[in-house]
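Common to both upcoming complexes is subunit A, partnered first by subunit B, then by subunit C.
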Partner chain A sequence: MKTTFTALVAAAITAAAPAMADLVVPNLSYRTGPFAAGGIPYADGFNDYFTLLNERDGGIGGEKIQVPECETAYNTEKGVECYESTKGMGALVYNPLSTGITYQLIPKVTADGITLYTPGYGRTSAANGKIFEWVFNYPANYWDGASVAIKYLLSQNGDDLKGKKIALLYHNSAYGKEPIRTLEELSKKHGFTLSTLPIDSPGQEQKSQWLQVRREKPDYVLFWGWGVMNQVAIQEAANIKFPMENFVGIWWSGSENDVKPAGAGANGYKAITFNGVGMDYPIYADLKTYVYDAGKASGAGDQEGSVIYSRGMYAAVVIAEAIRKAQELAGHSAVNAAEVRAGFEALEITDARMAELGLAGFGQAFAATCADHGGPGGAMIQQWDAAAGKWMLTTDFIAPDDEVLGPLVAEDSAAYAKENNIAERCN
Partner chain B sequence: MFYREAGDFKTSYREDSQTFPIKFDRLRFYAVLAVAYGVIPLLINDYWASAVFVPFLIYSIAAIGLNILVGYAGQVSLGTGGFMAVGAYACYKLMTAFPEVSIFIHVLIAGGITAAVGVLFGLPSLRIKGFYLAVATLAAQFFLVWLFNKVPWFYNYSASGQINAPERSIFGVIVTGAQTSAMAKYMFCLIMLTIVAVIARNLTRGTVGRKWMAIRDMDIAAEIIGVNPLTTKITAFAVSSFFIGIAGALFFSVYLGAAEVGEAFGIQKSFLILFMVIIGGLGSIFGSFAGAAFLVLLPVLLKNLLVGTLGWPTDLAAHIELMIVGALIVIFLIAEPHGLAQLWRVAKEKLRLWPFPH
Partner chain C sequence: MPDQLLYAMEVTLNGLMAGVMYALVALGFVLIYKASGIFNYAQGVLALFAALTLVGIQQGQVPFAHLINAVTGLHVSSFGFTVPSILAILLTLGVMVLLAIVIEKLVLKHLVNQAPIILFMATIGMAYFLEGFGDVMWGADIKTLDVGLPQGISETVESMTDSIFGYGFFIDNLDIVATLVAVALVAALTLFSQYSKQGRALRAVADDHQAALSVGISLRFIWILVWSIAGFVALVAGIMWGSKSGVQFSLSLIALKALPVLMLGGFTSIPGAIVGGLIIGVGEKLFEFFAGPLIGGATENWFAYVLALLFLVFRPQGLFGEKIIERV
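So, the complex of A and B:
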């Protein structure tokens, strides 16, 4: 009895690693916990695009794609476990959608030789390909986001922010702290005063921070929130009657789930985005035919076209394109992790290619190089229209201030290189 | 039949008062050590190390630490996460400030620093007891997490507030950083755990441990028979925090490699380790191991069973897993309020008479 139980236990623990021949792109998702509101649509978008490729095209270059999912609950310990349990399947690229897990995985993927793709999150200085060989974060990162937000505010104020007060309300974690250094530099350059208000995870309690906003009366509030804290912040802002058009969130703080609970009070709230929103893209016709109507949609199938869903899909599109590029470079379709990295580094997505994919104008065109893993970093501003229940894009892509960001990226990546004895590549 | 004192003659006081007086127990203990040191390191891979063994070993150290305070000395503490954070940040500061010193020394010093902090937060225990002390230690938890978030010196002014473990080695074997082999991680934690467990076991069998238990059982009576409550409570806090600090240092440097204080050492960590101690059994070193095994291995096992073998959706499995673990805790505590250690004790009693109970 005891031995059979032990055998069963051993079998159950080892059962997680079956050998597979297909292209494996693990999806470290989180559908539970305080950040599930963002994790679910992202994971669904990510899965659905690969399902579409499998159903419509038979995979990439004739190779089917496997997307084993592993639940991290946005927790770094579970993230480690998920990474270890999926890497044995022949994982080609990871996209954990968590800055904390990204920080943990950067040294691990570098040692194991697997690409880490962190679009719009993770360690910003990974944009420097000279130091971070295995990490890619194009098309945009947090420092780009911070810079775009300030540039947008500049354009609203006749290019002058002197004497203005800007508050940064952020998730008290690596994710929320990322933009502080950039904003400090920008405040020196443009002469606005910056105050930082941390909110402890998960962020359901923000009364004191909003009291401080009321007291300090900042002209603008920038917001780095995620998960359940987004809805709370927008509700609190509506409660104190903070002018919504002066409240600007990062791309992770601007989904339908975040604004809907506040009802009409959320009208006018703005968020940055590096991808298009809505369902007016031809790709959705294909998704409908091959995925939704075929009953193969991931999860509950109720997230189509939402902002975060689109972003998850965008990440999948870039990964698929990188794998395609890798197949082209390698000359065979069953690519390995090292070949996929080469694909990421040689990747160029043009506007014409985006149109071919059925996503014209959805994301910026970019081309990676050995040194540049960060892309152009442009982003748009979207605004919530509560009456229509839709996000409206109010600007075109705004380019970030590379004059400020360039030295910051160089400085931070140099510090990492020194800590870990990494020699510069690409010279 | 084979599990009994009869026939095992002790001819010296030393033999008479050894940890495992029964021969079978001794053999079993050596067998476990032999497997842990001789067999597992040869078979271990990255997955088994990172998902199963390393967290189990580290949580065992933390549970032993907390068990000394809660189980042996009777001082309830909810500050475990905060004390682990002290160990982790102390280790990080030492690793980056003195890269030439061995990581083994750093981990021990990190434990020492945590012991000092633990003593500081243990001082209120001289005046307050029970729930009130729990609240005071809860304050330590929140204060320490806030401190490590607020003061950039602790994380060397990094942009994100994250601390990252640089690569360090012992006798040429890399034990921290990404290049660490599964075996090195496992062996380093195992050696630490062995040292901690042997010290803890012997402390609790000697004068110090008896004083702790006297204070736990009735502090006034203990004081009357000559136990000094000041030194007793303070030593309990010091020893407990020392072990918890070692666990925190290993947790950050060997297991996670990068940590963020609010996420890795938050209040949920304090509760997790307290649950380990309660489920395992208060006042038992074996119980600390059992509790850590229960709460570390069961979720991994259930996840692999539900998602890997049965193919359930990950979110459903995650929710069911919480429900199953929660239900098992409740059932266990109803069936055996003294924890897994008591089950073990009962089993041993039965084994003594087996197979002729009458």
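So, the complex of A and C:
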């Protein structure tokens, strides 16, 4: 009896754990809790792309990809527990979709030698590969987002923002505070007045902040929200009749979920995005054939094509390409974590490669280097069409202002290096 | 009139309205605490569950669709019809009564005469269970709740105040509706508890379980009744908050807004929940208005608790709570 039980336990463990030869990319997701509405589509998009590669191509370079999922509930402690419990599976790269978790994992991945990939979130100055060897955040980060927003507003105002009032409404957390420094520098450069309005998480009650917006009448409101804060802010903006075309959110404040509860009132709301929107990309035909119609879609299979789903899929695309590059560099397919990091650092995704992947124009072309882990930082503006019920891209990729961002990244990463006694590399 | 004063008046009015929204959540806590001495940790989740169920019924969503699809390989999600709001609200109320019966049968019945901390722990368990159950039953995506409540600025208030002060105040139509609903709810609950047979029985149970049992009052019936009423109040709170932000899992966190209201108003008083809500609402909004810009803003969450604690220094039982005198 005892032997049978032991055998059963052993069989269960073997079934649950990835086969040793598989490429393991853990998915630290959140399908429960207050931020599940953003976590679910991201996790589904991430999983579905790897399922596509497994089903259509037999994995990457002949190696199947395992994506063990661990629930973080967007909670930093749980995120760290997930990291600790999955790294022993042979994890190659982590993408926790949480700035809080990212901050905790940076020293851990550095010590353990595992890549941390944080596209569009996390610690912005990790773009400096000279200091952050194991962290990559291309193709864009929060400071890029702030700069793109200002460059877009400049383009709307004949390249002159002097005397304009811009308010930043933000999630009162590490994430929400990320753009403040950049916006302060940009306000000095372009002569606009910046006011900051923090909102405590979760952000269900924002009356004070919106009354302030109504009183002070800023020309534009920039918005760094997440979760329920997004829906409430857009509803409150509609309530006070703030002109929606002057309300611009970061990419985490621009999903279908954020605008739908406000109905027609959300029409015209804008958000920055570093990836394309909608399903007019050939990759969706393959996803339909190999994943959706085959009944292998992640979760409930009802998120395909949404903004956050697309972003989760894009993260998986970049990771898969980095693994492919790592295999090419290593000369073998069963790459380890160190080889994958090298793949990330040598990764180049051209427009032609994006087209081959069925994603022409979906993301900006970029080439990483030892020093540059942040990519070009370009982003587009998407605008919500409430009648059609979809996001429309209204600009091409707008490049950020590297003249302002470069010194900020250098300064912040140098401070981190000093604090943690890290020697600069790539020299 | 100076602009600052006008703005402060507008902030005060909005604080009162926000206070009503907090009080709607606090009422559910008070009802259960009054009748059974239980601090119902699951009250916020009850509001979430009620709102999820309402939207699910209204939109003709198949409950447990994810589970059914995963087990059977089918792709069901909707019955293909929608249910009118009023009918959906009544059906949801039925579900909340059913839930009250299940809670009584599976949890409370087995915990009669246990220490209050045990009952409190049981409600923590219920909260986690219900949150997961709601997820499995209706899915975790954000749902738009539309029961026809008006939203947006009240043009009447704006034009009226503009003609008087030269500055139009902002008041949300939804907040006005919430205020009217809260007034009606408090009146109905007061009449029920003062003048109906069940209401008197409920108060008797609240005073002394054993004495109430000895005169033939069914404790089980009263518990089902009070959890049903709390379910109804949760449904009202869920509708109001869900109309504002969509129905999603963070809705359960509105309970955090009710705690300072309860500390201030007392756990046993229905008017206390309302007055407490108003004081917290106005207090936090005015503090944010005057002090927020000086200390970096985002003061409301913590200031509500500071305000409640200040009141507790002078009235430990809360403004309307019963003073407990225990003789040795």
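Simple rule for what comes next: the second predicted complex is superposed on the first by the 407 of 427 C-alpha atoms of A that agree within 3 Å, B and C clash if a C-alpha of one lies under 4 Å from a C-alpha of the other, contacts with A are read in each partner's own complex, and residues count from 1 in each chain.
The definition used in the following text is that a contact is a pair of C-beta atoms (placed from the backbone, for glycine too) under 8 Å apart; a residue touches a chain by one contact, two chains touch by 3 or more.
Model, not experiment: these values are computed from the prediction.
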| item | value |
| --- | --- |
| Three-chain arrangement built on subunit A, subunit B and subunit C clash or fit | clash |
| Subunit B versus subunit C as contact partner of A:Y103, first or second or both or neither | first |
| First (subunit B), second (subunit C), both or neither touched by A:N172 | both |
| Touched partner set for A:V232, first subunit B, second subunit C, both or neither | second |
| Which of subunit B and subunit C A:T196 touches, first, second, both or neither | second |
| First, second, both or neither for A:N95, with subunit B first and subunit C second | neither |
| Dominant contact partner of subunit A by residue count, subunit C or subunit B | B |
| Partner chain in contact with A:S29 - subunit B first, subunit C second, else both or neither | first |
| First, second, both or neither for A:N246, with subunit B first and subunit C second | neither |
| When the two complexes are fitted on chain A, the stretch of subunit B hitting subunit C, from 41-49, 59-67, 95-103 or 131-139 | 131-139 |
| Interface residues of subunit A shared between complexes with subunit B and subunit C | 31-32, 36, 40, 172, 198, 200, 299 |
| Contact set on subunit B toward subunit A in their complex | 46-47, 50-52, 55, 96, 149, 158-162, 164, 166-167, 177-179, 255-260, 262-264, 266, 300-301, 303-305, 307-309, 313-315, 317-319 |
| Complex contact set, residues of subunit A against subunit B | 9, 12-13, 15-17, 29, 31-32, 36, 40, 69-71, 73, 75-77, 80-81, 84-85, 87-88, 99-100, 103-104, 107-108, 110-112, 123-125, 172-175, 177-178, 180-181, 198, 200-201, 299, 412, 415, 419-421 |
| Subunit A to subunit C touching residues, read off their complex | 31-37, 40, 172, 196-200, 202, 204-205, 207-209, 211, 214-215, 227-228, 231-232, 235, 238-241, 257, 260-261, 263, 265, 295, 299-302 |
| Sites on subunit C touched by subunit A in the complex | 7, 10-11, 14, 17-18, 21, 65-66, 69, 73, 75, 77, 131-132, 135, 139-142, 144-146, 151-153, 170, 172, 241, 244-246, 248-254, 257, 285, 288-289, 292, 296-298, 300-301 |
